[in-house]
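Shared chain: chain A. Partners: chain B in the first complex, chain C in the second.
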Partner chain A sequence: MGIFDGKTTRRRVLKGGAALAGGALVAPTVFSRGAWAQNFRNDPGDSGSVTFGFNVPQTGPYAEEGADELRAYQLAVKHLNGEGDGGMLNTMKPLALKGNGVLGKKVEYVTGDTQTKSDAARASARRMIERDGVVMVTGGSSSGVAVAVQSLCQEMGIIYMNGLTHANDTTGKDRRRYGFRHFFNAHMSAAALGPVLKQEMGTDRRSYMLVADYNWGWSVEESMTKVTEDMGWETVQSVRTPLGAGDFSQYLTPVLDSGADVLFLIHYGKDMVDSLTQAVQFGMRDRQANGKNFEIVVPLYSELMAQGAGKAVSGIYGSSNWLWSLNNEGSQAFAKSFGQEYGFPPSQAAHTCYVQALLYANAVESVGTFYPVEVIKFLEGFEFDGMGNGPTLYRAEDHQCFKPVLVVKGAENPQTQFDLLELVQEVPTEQITYPHDLYPGDLGPYEV
Partner chain B sequence: MASITEFNPSTPKKDLLIMAVFTAVVLTAPIWLAPIGASYPDLLQRFAIFGIFAIGFNILFGLTGYLSFGHAAFLGIGSYSAVWMFKLFSMNALLAMAFGIFVAALFALVIGFICLRRSGIYFAILTLAFAQMAYNMAYSVLTPITNGETALTLDVADPRIIDRAILGDAKEALPSPSLFGLELTGFTSFYFCAVMLILAFWVSLKIFRSPFGLKLLAMKSNQNRMQYTGYNTKPYLLVAFVISGMYAGLAGSLMAVTDPLAGAERMQWTASGEVVLMTILGGAGTLFGPLFGAAIIKYFENIFSALNKTQLTEVFGFLPDGMAEALASVSLLFVGEGWHLTLGIMFMLVVIFLPGGLMEGIYRLTARVKRKRESGGAVSGGAVQPSE
Partner chain C sequence: MDALLLQLLNGLDKGGAYALIALGLTLVFGTLGVVNFAHGALFMLGAFVAVAVNRLLSFSVQVRDESITFFEAYKQQPYLEIWFGDLGLAVIAWSVPISILVAIPVMLLIGLAMERGLIQFFYKRSHAEQILVTFGLAIVIGEIVKVLFGANPIPVQAPPAVAGPAPLGAWLGLSENLVYPWWRLIYLFTSLLIIAAVFAFLQFTTYGMVVRAGMADRETVGLLGINIQRRFTVVFGIAAIVAGVAGAMYVPILPPDYNLGMNFLVLSFVVVVVGGMGSLPGAVAAGFLLGVIQSFASMGAVKDILPGIDQIIIYLVAVAVLLARPRGLMGRKGVMET
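Then we have the complex of A and B:
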């Protein structure tokens, strides 16, 4: 090992000297950071390209979602650089992007694996920020990870565009000035699902909840319990299950004897596929309890999960941020270019990530600088349309997007493996809007 | 390979040289790691922290031969203790570290006392059981202390009694861990970890050279014989266990210092397995081996896992189009999501061909070079040997 031979060669001295000199050149700008406002971390400056960081789960229970998110990001980069058919750049309003990169700089990207672990996700995000010099980090398929990375990005002064994260905390208790979320949240899911469940299942129901044991599961549990109990349901029991448990039979067996007639599966990704498949194998769909049909509800639904669970999903209710089959311009443009690129339709995870990348790029193009404070101020209160969800508002107080929420149901007779979910109702924005201080939090400062 | 774990008498002068070279190498790491893309604070910190973790593990496994499969529990305990110190009392890194090491030592004392009643595979299983217990409790009943999967984080509204008493009320933003006013972020934080690594290495060197270390090695070769000569081996084993637990506690609290967040996944059995891999990969029972192992595994985890197809195609860009594409696709299996595969293959190769770890490889190489030189008649003195 050359490191330990202790020899000082001429070459080594030269190398060291060069590195020191490089350091000395960088140092003044490091120390004077903040001396004038436009000097900020990872400023692309005169470089001809700009780097985005895509931090998604490539391993672990949410790996499927992560893979789809990455596909969407790659597509977004193509469209931003003016390759392909442009996707939503053709439908987005208002639009500042010109299809020649961002502010004329070619968009490049680096990727990282969050492993669905806060530690690994932060390590990966720090690598992107410290080594690769990204101007923006985006991704995440778990609210635990999203909250952890979002607070890191706040400390680092890098904008974080949340991907798939559904917990109220992300834009509630743990909201951050540098973090933005396009995806809907647990409160909206509950507000949208409540009336539909009431209509389909009545007001006299006893529910049992299996809850993924982290901030997302907790907030769906809280929101669903509140909504269902307000309409007269009783919560028999709520059991927390570890993430990535694989086998849920030990949690499902007690449900049968609990006297409950509705089961809420607050699981996501592979966990939901496993628990739902097992619940169906236990014969829960054909059961009668308290003289009623036993029902299963999956508050956060996705196409990828439906594909994983197959026939088990038919007739099961849930809520969704977006469906590729929606009949509007933006959705069709995106589904078309995604389908052409990869040969199958995009999931809601892909959609939200694609939109987030475009929204950031558009904000930069609009304000004419990568300086994060200006970009944040632009995004706060930004209203846009043509991104697949109808008119949407980025609320300034908590950086949460407000747009209609979809209540969906597993199709009874799906034609293809991509039609597993059917739209029951598009719940209008007014019905799911809540005051920004319902989940109190503090955004923190603009300048860090 | 027994010869490299044998007790190796050394001279103080030689040890001093080793320490001097080691210090220089560690402190210049940001320069010589730059060409391989590893010179950024986060990864450098990880090298140092997991280096400390592996050095500590090696004191137990390398010297006594007791394979603990639950060392990550102490890492997690150190992290949680440090973050609680930050939250309740002060952002001072030294206080948090002292508390992290202390709590880890307490746990190590209790767990070690119980587990060391058995040896071999039973000891390994007992430690694994304790670690899994700690992990699952952090996830379930201890959620009020550990904040479950969301991980324990700092909050602007934390009490921080000492800091507030001295500095008055906190600012709007979250404070960073500091060393008497010096904020530990970026490279400052790496140098802090590096100094800790050097200290930790020095203590480990002293233990290796001490009569205590010799006794531990003697127990590894034959514990019965030690007992027949009149030694009560249990207290020595327990001390070794506690020391290595304290190293893990130090590593855990440093993780909290560099990034004030503590998650339960640090205590999972995979994390315990990782430190075993690091030690075996580098060479159990050697001074430098575990450090190499830690650096290699962390490098793979952070750099290899981040390579994607575009970057690979660029690397092979000098080849004709079709060939570059094909090569990129093949090598994609081994990087990105496939980094575990590369690590696995490497681990297999090392265990099969170099049972003494990478240090054995280095040892063999230097021995060969030496032989060649001797046969050539030119013996050059002064070259520093890695301390086998």
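Then we have the complex of A and C:
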């Protein structure tokens, strides 16, 4: 007998009211996966699949990094969908993912070319969000691009998992509620590199800096200048160079007569390969200045750059977020999986992108919804391990990950064709941690 | 003193590239009367001749890399190394000089095909139409290269013997620390040699004399029974060789991509305009002048006073020259004037 069968009595009304009230109390837990279904952009709803947007540089000075990032994302999708050997899904802790997609939906993806240009990157991200219906955008590599796309994603209510971006601004003054960065930053590089440079090169040094002329270059310039001057070095000159200049000779020739004995190449990707190769052509590796060996430092290093520059990198110091040869189970799982797929080990760009894709998927699986506000709240303050960097914290206040930083140098006696960088020191998290308000910024609202 | 010398040399080697492209542009304009916006594409094609020769010589077989144990890794072993050992590797290492020799006939053919196949149909059309069609051609060539070689720059190294620094200070009796890359010095001297050869060809050969006569008065030369058009076609081929060799030699300095031609074309047109439309000595002089000015504008001391000046100095100089001398430094009256 139904409650509303036309024979209304006081007892039946009371029964019905009690049932409705009980249902209302139970609903948030019983129907939680669909609870926000109407309220957010690109909700996959009942669809059997969900789309991620991989927005990477496929052309321009950072194209090599972009290509490796894309390989990593494609591998992450395979692992999320239960294909391949699972990679870091075997080592990640805590883990909610089950290898059956995300919340049971098969992960699909679309790709875009940022061209290493902010406007092209924003246009590409917008297309992914508006036309392809992606639930999350991720990619790099350029802090200029990262800041621009992160800001767009904030406006559009789509989470942006930063790929390779190293400027302090990304999680500093330009931090956004919808943006998260796993990669380390310029401040951390300087904090890690400073003591090693002091130990290797002493306290009486004169440095010359060639700086990529955009927010990342300025960040590294500021952080490295502060650290080196605090330990007694003098900055002779700091010259800003255009992104993608190609021929850096006109900026390198003044270095020879500047009285400097250390050259900081604050370039990345192809720019770094070009400037370092040309610096070597100008004899800067075999030079004496002020009675000391002339030294070159590359604050942000990558295996791809080392590969491009060849023997020129041998013995040159820098910092890195990750190395495929690290002796921990997460790194080994990922390097093995990536190597089997592509025939060579992954770069740090590939690593951070792979991890970001997994972290987002894991957050969604953990909260049981794609609703970005819940995903953001889960990631804020999230602590995890088994992803290649040891215990890691996603700091809630600025969405910056904190983990050990690697000081590396170009391999001097490589044993294999892939031994391009060697680990000098793994700098502990405490040494590179800084207050979240050192680079003040406003995350903005959860609801947009 | 050392700094100024280095900056001067640097400007001259940049200027060498500008001058070579501008020289070809001016030759074509002076003979055929065509404003050839596809000339930068010829420079880029020359660079890709070097890339293609390198790839051809480096053609490899995949060999299992036993030093890697945790996944199946392979390394490339060139056939030339398998067949000839160290000699094969040496041939690959010298691929850029080899490619310069290859570029000469290849670029001549490309130049002749371009002139006969397309540009000859636009001789009597307006400059605006010539610019449109040659600009379109440059885009088509760029896209073809992009399809064949990809969008990203491809590095090719100079031979190891000339890849490092030359002891310039020791040669000049100055500081031993004063060095300059061998390949850039070679580039500069080869540029000067090519420029001298083109001028000698025009100045001291009968063929060149007829070409110059044709440039001055095409109709009268034609009335003398000389097929001046055929000679101008050959001049177009020579201009293509000059641009192509300049491009092939530039590869160790700057890894080329499909857009290389466009980057240089804009600068080269500024060089031609500053030098004076139709003036060969003007194009060469302006090429070196603007290269040197750009180099000095990149010095830290200058950028401290005027940040970003290195990016715009060439255009500022062009504006200043055109305000003071609207025909350019050595421009002739009546050229590109109504």
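Throughout what follows, the second predicted complex is superposed on the first by the 410 of 448 C-alpha atoms of A that agree within 3 Å, B and C clash if a C-alpha of one lies under 4 Å from a C-alpha of the other, contacts with A are read in each partner's own complex, and residues count from 1 in each chain.
As a convention for this text, a contact is a pair of C-beta atoms (placed from the backbone, for glycine too) under 8 Å apart; a residue touches a chain by one contact, two chains touch by 3 or more.
From a predicted model like this one, the values you see are computed outputs, not experimental measurements.
Of the two partner chains placed by the overlay, only chain C lies in contact with A:Pro254; chain B stays clear of it. When the two complexes are overlaid on their common chain A, residue A:Arg240 makes contact with chain B and with chain C alike. By the document's definition of touching, of the two partners only chain B reaches A:Ser151; chain C does not.
Contacts of A:Phe264 after superposition on the shared chain: neither chain B nor chain C is touched. When the two complexes are overlaid on their common chain A, residue A:Phe52 makes contact with neither chain B nor chain C.
Contacts of A:Phe282 after superposition on the shared chain: chain C is touched, whereas chain B is not. In the superposed model, A:Gln340 lies in contact with chain C only, and not with chain B.
Where the contact sets of chain A with chain B and with chain C meet, they give residues 58-59, 240, 242.
The part of chain A that touches chain C in the complex is made up of residues 58-59, 63-64, 237-240, 242, 246-247, 249-251, 253-254, 256-258, 270, 273-274, 277-278, 280-283, 287-289, 308, 332, 335-336, 339-340, 343-344, 415-418. Put simply, chain B touches chain A in their complex at residues 17, 21, 25, 28, 30-32, 34, 37, 39-43, 46, 136, 139-140, 143, 148-151, 153, 156, 172-174, 176, 186, 259, 261, 263, 265-266, 288, 302, 305-306, 308, 310, 336-337, 362, 383-384, 386.
Every residue of chain A that touches chain B in the complex is listed here, in rising order: 1, 3-7, 15-16, 19-20, 58-59, 109-113, 117-120, 122-124, 126-127, 130-131, 143-144, 147-148, 151-152, 154-155, 169, 213-215, 240, 242-243, 442, 444-445, 448. Listed in rising order, the residues of chain C touching chain A in the complex are 2-3, 6-7, 9-11, 13-14, 65, 67-68, 70-75, 151-153, 155, 163-165, 177-181, 183-184, 253-255, 294-295, 298-301, 303, 307, 310-311.
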